[in-house]
Amino acid sequence: MKLGILINEGPYTHQASDTAYLFAKAAIEKGHKIHRVFFYNDGVYNSSRLTEPPQDDRHIVNRWQKLAKDHHIDLVVCVAAALRRGIKDENLQEGFRISGLGQLVETGIQSDRLVTFGD
Amino acid sequence: MKLGILINEGPYTHQASDTAYLFAKAAIEKGHKIHRVFFYNDGVYNSSRLTEPPQDDRHIVNRWQKLAKDHHIDLVVCVAAALRRGIKDENLQEGFRISGLGQLVETGIQSDRLVTFGD
Amino acid sequence: MLHTVNKSPTERNTLESCLKHLKKGSAVLLIEDGVYGALRGTSSTKMVEQALKNHPIYALYPDIEARGMQDRVIEGIKLVDYSGFVDLAVEYPSIQAWL
Amino acid sequence: MLHTVNKSPTERNTLESCLKHLKKGSAVLLIEDGVYGALRGTSSTKMVEQALKNHPIYALYPDIEARGMQDRVIEGIKLVDYSGFVDLAVEYPSIQAWL
Amino acid sequence: MTEATGGIEMEEDTGGKVKKFLYINRKAPYGTIYALESLEVVLISAAFDQDVSLAFLDDGVYQVVKGQHTKPIDVKNFSPTYRALEGYDIEKLYVEKESMEARGLKEEDFIVPVKVINTAEMADLMQSQDVIMSF
Amino acid sequence: MTEATGGIEMEEDTGGKVKKFLYINRKAPYGTIYALESLEVVLISAAFDQDVSLAFLDDGVYQVVKGQHTKPIDVKNFSPTYRALEGYDIEKLYVEKESMEARGLKEEDFIVPVKVINTAEMADLMQSQDVIMSF
């Protein structure tokens, strides 16, 4: 099945991005396809290449990057949400791309399921 | 009176930073001294120089910067909270400084009141 | 002491918990979404009116106006602006934000 | 349809609101802080047990373990891991996150 | 990359599908940004010719109350935008009766025409959707 | 600039003042980071020789429950750190009885020795403080 994921909260602060990641990993292991992960609201903070968690902690940003690379997932960061939160190409991690909200609606249309993780 | 302010949420997402700013401005107008504004939790996002809100919206980051410059307020961003959220000297707005959590405890000790704004 | 509450009482238990912890001489200031606790005719009005018998309750008027609730405030709740918020923070020896 | 709830019922009204909107054939999955709604002996247990009579309720076991609540789950609530979460998302034709 | 809420990429193939989209609004405005950013998605969705509905329940009913005056908190008042939705052919706005009444609100308190439905009808509405968005 | 939770600048003049600091914990762990980042402040505060107390009420009582096992959610289990507080002379941990009971918890369920007090006593504790921190 083709699944889309929406993440509305930033890394570390809320569990949303953690749960979404573990859900995505499990879905891929079961043979489903993750069509796209869309980062909205504070979710855009998941894409900052400057993120540096304590060494004994998970690296949420790089974990998404790797999963996306290994399984061809489109990681899309909402441009409007990103600009007002200080996320730009300048500090965007490789593997993420900034685009419009239309991509979220499109994910809803194209995916068999849209699964939302937020506050 | 000497007031300290603690901000625990990021700009635009929560009203905390807005309320804190309007409180600080009113306090200064009444002749009080704002000793320090400490940015913790998602509050650290208030210091990103890459922040670019829509043109008809308030600029929360630059508003703090200006208030601090005009009234000699110490704007301190917690280093531990900032690192795990991708705020570093690289994207820190001028007028803010990154330092340790001890500065928050010190604010509690030195200020006549510590006023907290969060979620 | 001064207690600030910034959450709606119809969404979270914050205001209810705060009101249970008021001592003689304490006051409550409702700010941000907390101002929904200052309204007449809601499911939390009774709880707030009860607390009002023993404690001063303030609400930040700019937040009430922003939400279009100007004509709905419970009688007896005192309206303040940011300057009044500062006065309250100064008047009471300590302040607790109910986050 | 599948409803997911990620907030504690002793902090917010989310679970209560969700349970009021369940139709025949709907299921609930408790995740993150929502798993506190799956526990015996709490102030929300009765409400959940009532809903359980008419609807399947699932809870994400990794979140229960994380919070040390392994031995407190209401009988009848089905425990799933992330793989089971995926199965539920696939099984039901639509999914609503109660944020 | 386009500015602001733009960036609609209509060239993407949506396969001519029409799905039922429901936007759930359960949070009060201004205390958090969710109400505004939900509305921004709704506006974009208009360009996709989908079957769009908006649901306001719990504190979400406060989003569409009239008389909002945000200058004193220096935040943009976005409530007039709900009135603009009609121009985008988004006309299905539902307010839950029980949520409205628990907050002392009446149908005439809303800034835009809404259909007031009860909890059971709201549950039916949710059940009948393909894609449910919440923020 | 020092890494992580460090950066304590003891050279700053705190005027030899000793204030009563109360850290209020009302949120459950893991769903959000507040419990962890509150604990990080508590640890730093130990270096300042202040009179520190911790209060756990509402969902905050879940923070100190034993048996937490976070490997399955791939998040660090910070609950053992509460046991380390004693080594920093932070020994005043209060749990509210009514909050504990509403969650079906008993005194023996906690990972660290706590003093269980009722709502009125919690109100007294709050009232007697100079600085109240909440996150």
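Residue numbering begins at 1 within each chain, and the chains themselves are lettered A, B, C, D, E and F in the order written.
As a convention for this text, a residue touches a chain if its C-beta (ideal position, glycine included) is under 8 Å from a C-beta of that chain, and two chains touch if they have at least 3 such contacts.
On a predicted model such as this, the values are computed, not experimentally measured, just so you know.
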(request) In contact with chain A and with chain D at once: which chains are those? Just list them. (result) E, F
(request) Among all other chains, pick the one whose mean CA position is farthest from the mean CA position of chain F. (result) E
(request) Could you tell me which pair, A-F or C-D, is linked by more C-beta pairs in contact? (result) A-F
(request) With centres defined as the mean of C-alpha atoms, identify the chain lying farthest from chain A. (result) C
(message) Between chain B and chain E, what distance separates the C-alpha centroids? Give it in angstrom.
(response) 32
(request) Report, in whole Å, the distance between the mean C-alpha point of chain B and the mean C-alpha point of chain F. (result) 24
(request) Take the average of all CA coordinates in chain C, do the same for chain E, and state the distance between these two points in whole angstrom. (result) 28
(message) Two-or-more-chain contact residues of chain F, please, as numbers and ranges.
(response) 4, 27, 30-34, 58, 73, 75, 131-132, 134-135
(request) Enumerate the residues of chain D that touch no fewer than two other chains. (result) 6, 10-11, 13, 32-33, 62, 81, 94-95, 97, 99
(request) Going through chain B residue by residue, note those that touch at least 2 other chains and give them in order. (result) 8, 12-13, 15, 19, 22, 41, 54, 57, 80, 83, 114, 116, 118
(request) Give every touching pair of chains, nothing left out. (result) A-B, A-D, A-E, A-F, B-C, B-E, B-F, C-D, C-E, C-F, D-E, D-F
(message) Residue numbers of chain B touching chain E in their complex, please.
(response) 12-15, 18-19, 22, 54, 56-58
(request) Mind listing the chain D positions that touch chain C in their complex? (result) 10-13
(request) Spell out the residues on chain A that touch chain D in their complex, using ranges where they run on. (result) 1, 3, 8, 15-16, 19, 22-23, 25-27, 29-30, 32, 113-119
(message) Please output the residues of chain B touching chain F within their complex, sorted ascending.
(response) 6, 8, 40-41, 79-81, 83, 89, 98-106, 108-110, 114, 116, 118
(message) Please output the residues of chain F touching chain A within their complex, sorted ascending.
(response) 4, 30-33, 73-76
